[in-house]
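Chain lettering (A, B, C and D) follows the sequence in which the chains are written, and residue indices restart at 1 in each chain.
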């Protein structure tokens, strides 16, 4: 989809997913930190979050594939035109392939949440593969384009492969909040960079960018670092807000509980119940 | 062996080996999971499987080398033709070298199964080296060929080196089922891609592929990702079937044993025997 | 800043920082080695050192950005000249971007020292990112320059990326003195190589270097190894001096304390106090 | 030293060092395996071996530097010829630099054996750096040579950098016999490949090799794999011989001791002594 919208849509998805990952992992980290040693059963709300994430990813991947195939100028599920002897709309097919692997990640996430038979980390491996395939296809996507176009896409690969690598590491190094935040940051970077590609290659207003000018390439390289700085800032800001909210919320809940205990403490069974919820 | 058969034969071998690895590692994983803590002696049937795998690899490598050398248009163990001052059939010699290293892997597997003196993981290292040598020779194999031919072989290298790397990791990270399944998946991918190379370069029917067309290269890149998706599916399907069979089989065996115990339980020595087999 | 001073200033900073890292990590290592098992609270002087390092880094980064922007021939915070349709002084903007990420490292260091909420190792990750961004921008900086100029800058990248990689490893492998010394060594190497670049490209006296001569490239490559040897020597020398000073100092302090105890030992409360400080 | 001897001398050294490493690590491995849990003090004979290795490396590096500098057509410690405005014999200077880093390794080995203050693994890091510098200098050494010459040297880099990487891993993964044997194997490979380079570029008899023929490059690539196979075989053979000798020797020594005890057992002090040596 060689227009601004075609870059804004995946960009929006990746941005939202980056924020989602930040919030999810901070919630899990808070829960791990505030958990008494004995109780290590993951609460059902976390499972529900994973089901939602997996289900949504499957749904979005399915919609993505359908749109790429059955859009007006799409291939309509035709791969090879025997009459002309040419491939039909390979770009749409490549995008469908990328969505397919994100769909596989969704399936892996739902399955590994539902069943304890699947090995731990299979969802991380699937996400890492999905990012790898995305980068792999983009890598050969980019050949024989004008310098600025090729360069701005190859910078995207830095975010994609860093994300793939850090997600792969999470298969082996579990529950490391730094790795998880770094992964989220790479999704934010990827998302915002998709927007940047849209702005540069299909400017909404103003003149076209000169695609062969060396100064443009230098600016775009530097601009990528600024996006990285902003992505770091967004991760820090989001996780701080989530953490503070959690601290305040659980503090207030505790106060409420203590208040309740003081006024309505009557039977020992109630008392035991309250203490249990207090430990949470 | 520049024809369809020359790609189908190694492809078949790698496909079979990928399935074998999937089944073997799932069996070992099931055994590890269902084992009481105290009994960690590997059952003799697992040892027999390793002997079979190693012995077969040695045999296949030996046959491979013989065929490459003594086929009608082979080098017949002549390396250098002094009269003409040229090397004799270097392609066959290169293939023989690849087989040699798979043969070394076979020897390492048999030896490390037979003797506890060999360090743990020496078979993984040997397999990793065999894949590395295969990729290493292919890498220089490919130079100065038409673009599509070079590209389709270089995609094979992605599977080969990923397999080599993940197998090398298994030297240090033992008994990780995800790594083992990933390794098996890379063998399946390699095997099916050999077939794809055969179909593209030596089509059984229809016209020849245009070896310089950029669209063909784009399609082949995408097709590689489809093979990866299929390889993942095959690993998941095979391991599920094996796992379910094992669960059902051991469940039924337990029922049978309980039935036996109810009807024929007579002496305490028999009882102890049955309980022992029940624990397995 | 394409002159000798423009390379001497960052070189000096990196040299000083390399020495600082060596001294800091040796102090921490000495403290860890001589600490009784029970007392693992980091002494406040170490915290103060981290605050100083972080604060100074922030300050230096701020000054660096200001200087790059508001120097006489700087961009004065203008990025794009709409009249001419050109970017304004991109080189200064790139240097500002590098300083920005070192500033982010300073913030991360201060924040992670001040609060236990931040995950362990966030400062190492930020430093690794700062070095990565530096190398990343330099990498595209170097294109389309004369051979010797490009080569001498690409050798700098060896030091920068080795530093970034080893610092990234410190996120996962904590308190490994070898890794820490290697990181410090890479800073010293980077610092001294900045000077070397200055001497080669903007010689203070004597003739200009021939930028296309192959022999010059060969010499410069070898010279980089000599810088590495000198950097190793500096790390070994500095850490030996610090270690010996610490051993002698703590030995003398102990003697003084023992002397004090012998002459002024009067009450049991004083005695307990002295024994406590003795254990430090 | 562009002649056969100039490749045979380092080749011989690397071959000998590869054998030495194999023997040393097998001895250490045997000792670790047969040691009762309580006694973990390294026997003095191991320390003596390290001193010998370090001392010899220092000596050889010193001799190497001297020979490269003061050989008849050497630079005689002159780096720059001011009259001609050219560098003097850069090749000899580069070789001296390589020797220098192996000398540094020797110093690190002796120092880390002598003193417990040095961090564990500093000798491995120094050896890894020495190999890295060797590979680094060779990498730029090779540019602008005929294809076969460049290719045969770049294959050497595979052995050098694999050796450097596996040695670096030994800094973090201590006492892993597989890693140690792999490192030894890379030294043997490097040594035998130096000979191969000598035979190809400066044949002792017969015609010169055609340096641009593609078939020669293909043969040389394959030949490298054969050298790897031979290096593996040598490591396996050497370690087996050493292990068998150790097993037989310690078995016989035990028999001798038991015999001695039976015939000459007289005082309890002697008895205690014998039992002690029995435990070793």
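Just a few scattered comments:
We take it that a contact is a pair of C-beta atoms (placed from the backbone, for glycine too) under 8 Å apart; a residue touches a chain by one contact, two chains touch by 3 or more.
Every value quoted in this text rests on a predicted model; they were computed, and no experiment measured them.
The set of chains in contact with chain A as well as chain B is empty.
Of all residue numbers that take part in the contact between chain B and chain D, under half occur on both sides, making this a different-residue interface. Among the other chains, D has the CA centre that is most remote from the centre of chain A.
Put simply, the C-alpha centre of chain A and that of chain D have 48 angstrom between them. Rounded to a whole number, the gap between the C-alpha centres of chain A and chain C is 34 angstrom. If you check each pair of chains against the touch rule, the ones that pass are A-B, A-C, B-D, C-D.
Contacts from chain A toward chain C in the complex involve residues 158, 173, 176-178, 181-182, 214-219, 221-222, 225-226, 228-229, 232, 243. Residues 86-87, 90, 93-94, 97, 100-101, 104, 117, 119, 121-122, 125, 129, 133, 136-137, 140, 144, 171-172 of chain B touch chain D in their complex.
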